[in-house]
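There are two complexes below, and they share subunit A, which is joined by subunit B in the first and by subunit C in the second.
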Partner chain A sequence: MAVMKHEHEGEAAKIGFTGPSRVEKDRFGPIAGVLSFRWVLIAFVLILWFVYYPIIDNFIVSTKNQDIFTGETAFIGLDNYRRLQGDPVFWTAIVNNTLYAVISVVFQVFGAFVLAALIEGLTEERWRRFWRAVYFVPSAISITVTGLLFYFIYQPDIGLLDSALTQIGLAEWSRAWLGEEGTAIYAIIAMSQWQGFGYSTLLFAIAIQKIPRELYDAAIMDGAGTWRRLWNITFPLTREMTGLMVIVTITGAFQVFNEVMVMTGGGPNNSSQVLGTWLYQQGFIENDFGYGAAIATVIFVITLITGFAQLWYTKRRRVDL
Partner chain B sequence: MSVSHHPRETERTDFVAVLAKTCLVTFLISLGFVVLYPLFWMATNGFKTNAEIFGNPFALPSGFSIANYISAWNQGIRNYIATSVIVTLGSAVCTVLVSAWTAYGLTRSKLPGKPFFVGIVLGGLMLSPTVAVIPLVRMMQDLGLYNTYWALIILYTAFRIPFTTFLIRAYMLGLPRDLDEAAIMDGASEGQIFWRVTLPLCKPILVSCVILHVLFAWNEYLFAMIFTSGADLQTLPVGLTSIMAKHGTNYAIVFAAMTLSALPIVITFFAAQRFFIRGLAEGIGK
Partner chain C sequence: MKANTFLSTTSLGSLAVAAFVIGAVASASAADPVVADPSATVEYSGTVSVLTKFGLQQLSPFFVNAAKEYEKLHPDVKVELIQESDDSVKGKTKALVASNSLPDVYFTWTGSWGENFVRGNRAVDLTPVIGPDTEWGKTLATAAVSAFQYNGKLYGIPLYLDAKFMGYNKSLFEKAGVSEPKTFDELLTACATLRKSGVTPVSFGNKEGWPGVHYAGQLLAYNVPQATLEKDFVPATADYADPGYVVSLTQFKKLIDECSDGSGTNGSSYASAIQQFGSGKAAMYYQEIIEFDQATAEGALKREDFGFFKLPAPADAKGDVKSIEGAPEGYMISAASKNIPLAIDFMRFVTSAENGKVLSAPPYGQPSATVGGYSADSMNPAVVGGLKVIADSSYLMPWLDTANPPRVAAAWLSGLQALVGGTMSPEEVMERVKEAAASSK
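After this line comes the complex of A and B, so read on.
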């Protein structure tokens, strides 16, 4: 509302309005407030029913031992959470999600920032547009397709990666990337970087375009070189976008499911399990809904923290939110 | 290699600058190759025979027969695309319409206690589908919606309303009220103002919202996998994994199927690039 007032105060005054609310009040009266609820009714029913309520129900389910086939339910309190503590796969998943977050922040936030700065430094607009579009293409494709594609790329018999390594004389590096416990999660994370960096590059490019060019002109006059300009102008002036991207990327990293499911299903020997796939494994394959729900609660707590960080961050930037 | 937007740097056209520029262009081209070659490989593998796939992976197919593409299309992709289109368009219309109503209610109507309602809607942004999925299975079974299009349309709508409302609301806050005031003076009701005044003004953000929703719904996997089990109800991402399971040995068909499912969204991206980019920019917050 603050935005609107600033921009249109002048015009409103011109046509003789002292405040926007007076006319509306006279026209609709006090009952209008209650009637206005109809605008938000459908959204509220849907959100409360399908988004909020399941979170509460999820916590209730997590305190029970339940078999979906027999329907027998027993209250077991926080036993499922105690079980999590002693579950090595759960801790593998936490480590894998954290790896996912750290590597994605490095490539999809800081790497993408540098790439966006390089692209925006090109002199011709058509080439800037061209590179932004090329790098973005994988982001438009579904993770299922890219996951399957890289599943094949990592195969030793038909895949591109091992053939390429052999051709450049690194045959001893070739292996079944998804079939070995030491490399599976890294192979998945690498696919995710390939798919996602163009998206964040695009967003950084948009942020960089908003920087006034006079700043660069002044810096050149002062004799600042390319890297000084990048570090002293571009980086500080896109810091808000960087902060937001860090939070969004971390949130995404703890909700990873699709690519792991498609590429390894959490294997080999649970080495590439993440919280999402371990939840699925426990809840839907082992039919242990209570334990699956406990894992879901952990994801909920982590994303709630990052969500509040994001809200705080956005609010700080935009007072009228 | 210049990070500035400044085109004229005559004094820097020395050897170092040329070298830097060459390095930059080489880097951009190599990266572009890494990005595009796997996709090119996927599409050309769809033309190969199975024997060729097991040969040199860098070789081109011996002929461009579309037989694999046709059998992928007939062995499921057609149905999966139909389901994906129904679910994507159905949920896009529901989401954008409901979100526009909600955004209007939260910005323009006389609704009391707006901050409270805004808080509830925006709070939904923090809740992820993964967390809700176990309770939702039983809810959908109780409602008799399990394994129907409606399960996906309702869930996609419910989970995308907070985000979409957030975008439309931010846009509506920036719209001038002069037209509203004029319409009220003419005796228009809230409903008439919404349909005749506010909604047409919001067209740019509505287009962005539809695109963002299509990108989400077309590619969604978790809900699609859990809430549909019948082959005739599977969306593309889930259907692809079934094709993979079914034709696990006939790789050529799998590659053709992957290419066919990636194609619509890639074409949409290039055709509507401008809207895409603006939509994504809006999505992250300005």
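After this line comes the complex of A and C, so read on.
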């Protein structure tokens, strides 16, 4: 398969981030490299102060027992991390976040990829626009409104879902979707897919549009069918976007908070707690900020590992056009 | 997009926000105790910031109007309001405490919630200005002021009284041939009859957890002696071993199963439940006296059709059957306030008899804690009747989720949701509460 390659050399130089110019090298000698760093200094300081310092500070807080009302603190080392091991709700939250991630990757990455390919495969531009808009609309609705909307859909007996099930003769399937420990987290995840699916589809559609049309024409001439073109052209040439979407989706799934707070608040009986809501519960409800900070550190480590794993994967398998 | 840039802005960024808030705790520290000076001169200039619990649309005008009136009287004073709802005020307050930014005046419940501020020297000791012999103290209900007493000192300014009653729809009762139940068993019988008539006997939404805690609290007051309850509210002496606890939870489960939509209620909010009652689809709703006007504000339930009774006590109850669950709610003055006399003066204005009458009457319906702060002529008769029941009660049982330390309160909240959902037995819920109490010592 032919792959076009663009040359990017010189592009970075145009925006001034490649290092000292020849004039600077001549005038300032060995300190020219340091001087060139001045363009990013403010951004570097801001990142240090607002991103990396809080991460370190968060870890320090997690090693202390603090009373926010009295301001008293006591160093307890890694006790909060040991406590995590025996906290059943923490493990429920880990399982729920993992479920969130797996289901979201299936629907919002691979499902959205297939849908985007189908939409971009349509011959008429007006239909492509129409379907892109149709799928994108839920993403434009705020999470609070979506939460309220789905709260009414999931209402026991009078909700849209239970009513629909009753209408089609499946009344025995109807239940309090958000009120039962076995279904609450799945009901929230389903809502999240409904909202996030269109956004992912749109991003994939943009990535697919960048693939040169000639590749498909050549494949058609070679006798490749729809699935063959999808697998051999579209998928490899959108791999970078796919990798990115997997990172976005997994890290998003481990940082989920609003959806759960709006729909169930982590209940019933903590069955729909995720790491974010359990962190909030510990810090702001139970006044245990040290333990909350330990949970925050766990979220950080999980998302960091995910990010690095995906970066490594996409770099290894990168295909440039 | 460069993936590493993305990494720094998502996986690190959101943690940074949480960490920044949590990290701020490290710098939070308590000040020395501050006592109000009754002879201090009030300087009518500057700003008074107030955190209220009147964020709901129908309640928010009260403080807005009071602030406007106060600013009109004192043109150099500006009143800044932060109005939160019942659900959001706890989180907001803790965020403000953690960042040492409590406003001059802030909302508080009684019990362990209020004690937190006293423990941390974040509330002004108001004894010299609000004690029973002081000019201001004489204008307020003594019992309501005493509810904010800690270590023999008075820290709170009660604004209104609150207690829990079973509100009911007289028309639906009449249609089903049911009269006001006098005992717990009669209530269960009434539920069965009402259900046969085609209505939900009791509308109940337990998504938030605390509606269930309110039922349990009243039943605990009936089944567990007052001294035992108060001993168990204190982490150092709590053991939650009295058999009345399990008895209460068994009764609670029976009530929910026979009178409401059962386990499904964990998926409905308390707001949906009050709407169900207000629209005439349910015959009863267990509510606070401060919600009486809200229940009849709009919808099918008319004010003349609204009745109420105290949750009937079970037979052979070992606790205090004359008790009622409820407490005054009020405000504290921040010990870090730059202008304590002005903050106190503003609250004296808010708790005046004139403002009390406004607060007690519709649309607010919050029975004022000020002596002469309500007029039966302008109030909902049900609120007037409820106040008489409160006055006749022998003990005000505090809300379980504010009387207990946060960890124990959380165990009650999640445990009762599990009990309603049928995934835990009363004994298992009490085991969870005991474990939480032990870890809070």
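The working rule: the second predicted complex is superposed on the first by the 254 of 321 C-alpha atoms of A that agree within 3 Å, B and C clash if a C-alpha of one lies under 4 Å from a C-alpha of the other, contacts with A are read in each partner's own complex, and residues count from 1 in each chain.
Throughout what follows, a residue touches a chain if its C-beta (ideal position, glycine included) is under 8 Å from a C-beta of that chain, and two chains touch if they have at least 3 such contacts.
Keep in mind the model is a prediction, meaning the values are calculated, not measured.
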Request  = Go through the superposed model and pick first if A:F50 touches only subunit B, second if only subunit C, both, or neither.
outcome  = both
Request  = Name the contact category of A:L178: first (subunit B only), second (subunit C only), both, or neither.
outcome  = second
Dominant toucher of subunit A (residue count), subunit B or subunit C = B
Query = Of the partners subunit B and subunit C, which touch A:I299 in the superposed model: first, second, both, neither?
reply = both
Task = Applying the touch criterion given at the start, work out whether A:N269 contacts subunit B, subunit C, both or neither, answering first, second, both or neither.
result = second
Message = Just checking: does A:I285 make contact with subunit B only, subunit C only, both, or neither of them? Give me first, second, both or neither.
response = second
Task = Look at A:V61 in the shared chain and tell me whether it touches subunit B only, subunit C only, both, or neither; answer first, second, both or neither.
result = both
Inquiry  = By the touch definition at the top of the document, which applies to A:R213: first (subunit B), second (subunit C), both, or neither?
reply    = first
Ask   = With the two structures laid over each other on chain A, which partner does A:V248 touch: subunit B (first), subunit C (second), both, or neither?
value = both
Message = I'd like to know which partner A:N96 touches here: subunit B for first, subunit C for second, both or neither.
response = neither
Ask   = Is there a shared patch on subunit A that both subunit B and subunit C touch, and which residues make it up?
value = 47, 50-52, 54-55, 57-58, 61, 157, 244, 248, 255, 279, 283-284, 289, 292-293, 296, 299-300, 303-304, 307, 310-311, 314
Request  = Could you please specify the touching residues of subunit C with respect to subunit A in the complex?
outcome  = 1, 3-4, 6-8, 10-23, 25-26, 28-30, 90-91, 94-95, 97-98, 116-117, 119-122, 206-209, 261, 263-269, 272, 406-407, 410, 414-415, 417-418, 420-421, 423-424
Request  = Spell out the part of subunit B that touches subunit A in their complex, as residue ranges.
outcome  = 1-7, 9, 24, 27-28, 31-32, 34-39, 41-42, 45, 53-54, 56-58, 98-99, 101-102, 104-107, 109-112, 117, 120-128, 130-136, 139, 154-155, 157-159, 161-162, 165, 170, 173-178, 180-181, 184-185, 190, 194, 215, 218-219, 221-222, 225-226, 236-238, 240-241, 244, 251, 254-255, 258, 261-262, 265-266, 268-270, 273, 276-277, 280-281, 284-285
Task = In the complex, go through subunit A and note every residue touching subunit C.
result = 47, 50-52, 54-55, 57-58, 60-61, 64, 66-73, 151, 154-157, 175-181, 184, 243-244, 247-248, 251-252, 255, 264-265, 267-270, 279-281, 283-289, 292-293, 296, 299-300, 303-304, 306-307, 310-311, 314
Message = Per the contact definition, I'd like the list of subunit A residues that touch subunit B in the complex.
response = 1, 3-4, 7-8, 11-12, 15, 17, 20, 23-25, 27-28, 32-33, 35-40, 42-44, 46-55, 57-58, 61, 115, 117-121, 123, 131-138, 140-145, 148-150, 152-153, 157-160, 163, 194, 198-199, 202-203, 206, 213, 216-217, 219-220, 226-227, 229-230, 234, 241, 244-245, 248, 255, 257-258, 261-262, 275-276, 279, 283-284, 289, 292-293, 296-297, 299-300, 303-304, 307-308, 310-311, 314, 317-318, 320-321
